[in-house]
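Chain lettering (A, B, C, D, E and F) follows the sequence in which the chains are written, and residue indices restart at 1 in each chain.
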Amino acid sequence: MYELGVVYRNITRTDAAAADALARFGSATVHEAMGRVGLMKPYMRPIYAGAQVSGTAVTVLLQPGDNWMMHVAAEQIRPGDVVVAAVTAECTDGYFGDLLATSFMARGAKALVIDAGVRDVKTLHEMGFPVWSKAISSKGTIKATLGSVNVPVVCAGQLITPGDVIVADDDGVVCVPRALAAKALAAATAREANEAEKRAKLASGILGLDMYKMREPLEKAGLKYID
Amino acid sequence: MYELGVVYRNITRTDAAAADALARFGSATVHEAMGRVGLMKPYMRPIYAGAQVSGTAVTVLLQPGDNWMMHVAAEQIRPGDVVVAAVTAECTDGYFGDLLATSFMARGAKALVIDAGVRDVKTLHEMGFPVWSKAISSKGTIKATLGSVNVPVVCAGQLITPGDVIVADDDGVVCVPRALAAKALAAATAREANEAEKRAKLASGILGLDMYKMREPLEKAGLKYID
Amino acid sequence: MYELGVVYRNITRTDAAAADALARFGSATVHEAMGRVGLMKPYMRPIYAGAQVSGTAVTVLLQPGDNWMMHVAAEQIRPGDVVVAAVTAECTDGYFGDLLATSFMARGAKALVIDAGVRDVKTLHEMGFPVWSKAISSKGTIKATLGSVNVPVVCAGQLITPGDVIVADDDGVVCVPRALAAKALAAATAREANEAEKRAKLASGILGLDMYKMREPLEKAGLKYID
Amino acid sequence: MYELGVVYRNITRTDAAAADALARFGSATVHEAMGRVGLMKPYMRPIYAGAQVSGTAVTVLLQPGDNWMMHVAAEQIRPGDVVVAAVTAECTDGYFGDLLATSFMARGAKALVIDAGVRDVKTLHEMGFPVWSKAISSKGTIKATLGSVNVPVVCAGQLITPGDVIVADDDGVVCVPRALAAKALAAATAREANEAEKRAKLASGILGLDMYKMREPLEKAGLKYID
Amino acid sequence: MYELGVVYRNITRTDAAAADALARFGSATVHEAMGRVGLMKPYMRPIYAGAQVSGTAVTVLLQPGDNWMMHVAAEQIRPGDVVVAAVTAECTDGYFGDLLATSFMARGAKALVIDAGVRDVKTLHEMGFPVWSKAISSKGTIKATLGSVNVPVVCAGQLITPGDVIVADDDGVVCVPRALAAKALAAATAREANEAEKRAKLASGILGLDMYKMREPLEKAGLKYID
Amino acid sequence: MYELGVVYRNITRTDAAAADALARFGSATVHEAMGRVGLMKPYMRPIYAGAQVSGTAVTVLLQPGDNWMMHVAAEQIRPGDVVVAAVTAECTDGYFGDLLATSFMARGAKALVIDAGVRDVKTLHEMGFPVWSKAISSKGTIKATLGSVNVPVVCAGQLITPGDVIVADDDGVVCVPRALAAKALAAATAREANEAEKRAKLASGILGLDMYKMREPLEKAGLKYID
């Protein structure tokens, strides 16, 4: 359940070095590196292709059709943050457009992840401010009811604690809890080191069946080849 | 309820100057300028990014899986029109492709907005004929049952009267009733005049909290800051 | 119902000349040429715009959350094939990424059509390996349970028999059974021959109403024009 | 587009005799009798099985998450009315519960049709007040923003004009425009007269193929029987 | 892909004894007995609770919005059959009501399974004719285009071959291929024999952890208990 | 993010008196009493109508298609508990049937709330074991991968901490955090005391407009009555 009407000003952010470094691995590798947890639901999609970011989560809890708290959240942003916005009910309204994006960028935000809608998407693309959302909608919002900033929120099925790392790209959005960021970074680095070699082998025509030594376990599992 | 089997040839279109001028504000600004009404549901998406149009609505009511009336509608198109197509039941079939687009363009149509599917989307993009639809589908249609042209239709949840202005871009599709077009244009113009100044302030780091004088009302609403 | 744990090594592929030639007509024309059957559901979308392919189907039946059989399928790919993947239950996990794509390309695969999710979509685009899927998701899969390769599968509502032709583009994915490929090719060719002439007429302003001689049947059906 | 902040007190209701008489035919027969138009989308479902009603529409336009206008609508209800509620945006909140139902019943309302959610459904069932809705939800609403009463509204894809007849049962909800009510009643009556005889024939084992003389048209259409 | 315009009169039905006997095990047990394959997607729901049937499949392939082939199918029904209806495109129209049900019952049909909509559901319940469908809708259909009867069809994601056994109850609909019916019956019988004993143990308070000897494998998998 | 492979044996349950007392108010009243927070998404529906329960949450985190942890959870159930099950990915499989229900009832569980599917729903109804789920499906699950018991989980969009109170009825499922249970009970009691009086007034024909003194604020908000 959510705490309403509060703004936590002092959150413990993940160390910036780790938070920033995770971006280059992308959401799929980070998700694997963490043991396949932490991924938001796949309805969260980028508003334009090609962006790949990571940063520390500043969370905002919104009321349906009301983006008042977005302005409150703006003040809590520090350079390197990714704003993560949840709504207390299902909503596809356009909570965020080019003006708020201008403000967020001025504060140093790297991206917005919102379990609702956004608008001005063409301008946001031109500005280079990436957003992952569940909808795009011209529908504006009012400023009438309190939510909260920097409380734990559920966004697209994931619990996000302020200060966690968010990694987002064309494949989706993954959350790395602060306590696991260093470990996830190490695991992702190790994973990636392997991939170049694997890719070269596969490109040369070697099969995964052989490279991963799958033939024996497949046979044991009972796989039958029929000519 | 719909009137079937009729074509209204004489509709009263919104004045072309107002209808054309609304395009540059985009659907979000126009929707705000009208008091946040008139927006189609957000499942209506452009088949390619970047198009931004406005024009006077010629409406067509289709039967499921049957695009016969599209050809009847073509004859009623005048330069500057946007065709708005509704279906009497849920349908995702591809009612419209490059041949019909060629015909619509020859008649002067600016765009199609259809609460169903379209096809040949790659060619439509190359032709520069923008479409907002709820689906893309290769599935063709037959020509067997009558619908109507230029009757009021419900498209993606909005009632569209022939002659209304349609404004569409990457954010969605909004309908401006003929009687309100001049007023909407004035309101959108006023709105936009404000935005450049606001954007500059926000870009300089001024917060919306201060620019919009939100701190006092937020405090009155009970917002608590916790350090 | 599906046969599990088997790999059919010898399938009868559609003749390569016909299988390859169908690509240039695109899914909409081929679908029409076949009498409007064979189309997968429109939720199957390309991961990037502009690809247009055809090829012979190698099918793979996957278990939910498990991509083991993808590696088994890789070995059965021959140049010119399109891999068609079905899952025994609804699943949006990312079964396929850049490593498997490298392997599939090395084997000569032209594309993947999968009734589930894929990941590494940015890299897949850079590699030029087209995929049609129902989802994009970072969520990885395990390798624990047997499915099958080259059994008939239901993919996005269509029954696909190994060796059938798959035609896919921005409009969707259509399946041409092997026995009908030559006929479909002839019909698509005939259809297309007509289109250039029609397009020119429509571009000159001739109406479909006249070109297709629809005025009389519309009148017979009872269409009324009201001034 | 909607007119906000107005209540039309004097609407022209369909003659009560016709409005009441349509109930016994049910939505499917009435929908057929009208030429297959006027049906709301099938996501509109009764909150309990078995209710079958008809009455004159009092319409109410609600804001998302706000049921203030329900109380305004209550005053406009006359005996025999069915309240039809639309929302200016997608919403599944529970706008209506046992207290409002008590008030509506005291005013003589026969039912509620709402393109949103309701709650207290167990109590509503015990009270015998039927509701057709798109959702059931405990989520309450606020009372802060104006909508309208007795303006034309779009409810589940249908345009409803105040005073139209609403016919609802387990199969769905159909709207009969005031001007067509007498005609629809006559057509439904004629339709039903036929059905008893048809039912008896079919029950005796006579096939629809013979009763409706379909064998010849099927053969002409090319149907082949294969032994 | 589907064959259109044909009716296969001679299909090989599963032996009636096996087909009838499977009903009492229900869809969940039969689905388990078959190794967890053959289940239609869970959007297929009974129109009323409590029915539990099995029978041999007579298949019918319908066109969208057109129930002509239902009448053709009626003639092919033999006592003990379950009619399985697929549509060549997504459709929620009400293809089937009390008149067709009267005819189907007179021919000996036990049930209908349809990947579309039905209507007259209250009357169907009173008649005791069970239907599993994806929608309920008053929307009627026309009789204009050929489909087929007794061709293999894809219904709710499952391939159904005429003569297969269909088992349906409140949990869903499962298809047992003819060749596997005897085996499935034996496996279901064996499964059920075990269940009474298990139920008694669990009711006495014995845990599944002990009854199924799960403690050791859970520990091996690394489960940690924390006090 | 979730912790996998752990079972917390000692959770602090909400005081039984409060946990049990909340049932009689139902989810709508409790949700209002808490300030309109804590509600699961409305896709969570009871498998049969009429059940109304409350109890302390024992949580279980499941893997997709795998119900192993349900057996682990059974051992942690104490009389008065409601089991709340989440899955690490979207899944509609039938994780729970009559055998597990027998075991849960033997342990004293009052209900199951599961963000996935269940089966044997007819038997569960006969046994009187209520379940709220997002799907009903015959599809069984395996027992192969660890999840967790009594960790905080996200179920249908709500964060549930073990020991919280769950209130569920025909309107939905609401979660009351342990720390707020006494307050919620007091608020619900106060709310209900008012309702009988209100209901009597409304039943007598007094309008909410007058009872709640809405006429003046409506007029101030600008509501216009038109005769």
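What we mean here is this: a contact is a pair of C-beta atoms (placed from the backbone, for glycine too) under 8 Å apart; a residue touches a chain by one contact, two chains touch by 3 or more.
Values in this document were obtained by computation on a predicted structure and should not be read as measured data.
Engineer: Please report the minimal path length, in steps, between subunit C and subunit E on the chain touch graph.
Structural biologist: The distance in steps between these two chains is 1.
Engineer: Between subunit B and subunit C, two touching copies, which fits better, same or different residues at the interface, with half of the numbers shared as the threshold?
Structural biologist: Answer different: the two copies use largely distinct residue numbers here.
Engineer: Between A-D and A-C, which chain pair is linked by more C-beta pairs in contact?
Structural biologist: So, comparing the two chain pairs, more contacts are at A-C.
Engineer: Quick check: how many Å separate the C-alpha centres of subunit E and subunit F?
Structural biologist: Once rounded, the distance between the two centres reads 31 Å.
Engineer: Determine the centre-to-centre distance between subunit A and subunit F, using the mean Cα coordinates as centres, and give it in whole Å.
Structural biologist: 29
Engineer: Which integer distance in Å separates the CA centroid of subunit A from that of subunit E?
Structural biologist: 41
Engineer: Counting only residues that touch at least two other chains, what does the list for subunit A look like?
Structural biologist: 36, 90, 92, 139
Engineer: Please classify the inter-chain touch graph. Allowed labels: line, ring, star, complete, other.
Structural biologist: It is other, because the touches fit no line, ring, star or complete pattern.
Engineer: By the document's touch rule, what are all the touching chain pairs in this structure?
Structural biologist: Applying the touch criterion to every chain pair yields A-B, A-C, A-D, A-F, B-C, B-D, B-E, C-E, C-F, D-E, D-F, E-F.
Engineer: Along subunit E, where are the residues that touch subunit F in the complex?
Structural biologist: The touching residues are 26-28, 31-32, 36, 39, 42, 45, 49-50, 52, 169-172, 174, 195, 198-199, 202-205, 207-209, 212, 214, 218, 221-227.
Engineer: So in the complex, the part of subunit C that touches subunit A is made up of which residues?
Structural biologist: Subunit C residues touching subunit A: 5-10, 48, 68, 70-72, 74-75, 92, 94, 97-100, 102-103, 105-107, 117, 119-122, 125, 135-140, 143, 145-146.
Engineer: List the residues on subunit A that touch subunit F in their complex, please.
Structural biologist: Spelled out, the residues of subunit A in touch with subunit F are 1-2, 4, 34-38, 41, 88, 90, 152, 154, 157-159, 164, 175-177, 180.
Engineer: In the complex formed with subunit E, which residues of subunit B make contact?
Structural biologist: Contact set of subunit B toward subunit E: 64-65, 89-93, 139, 144.
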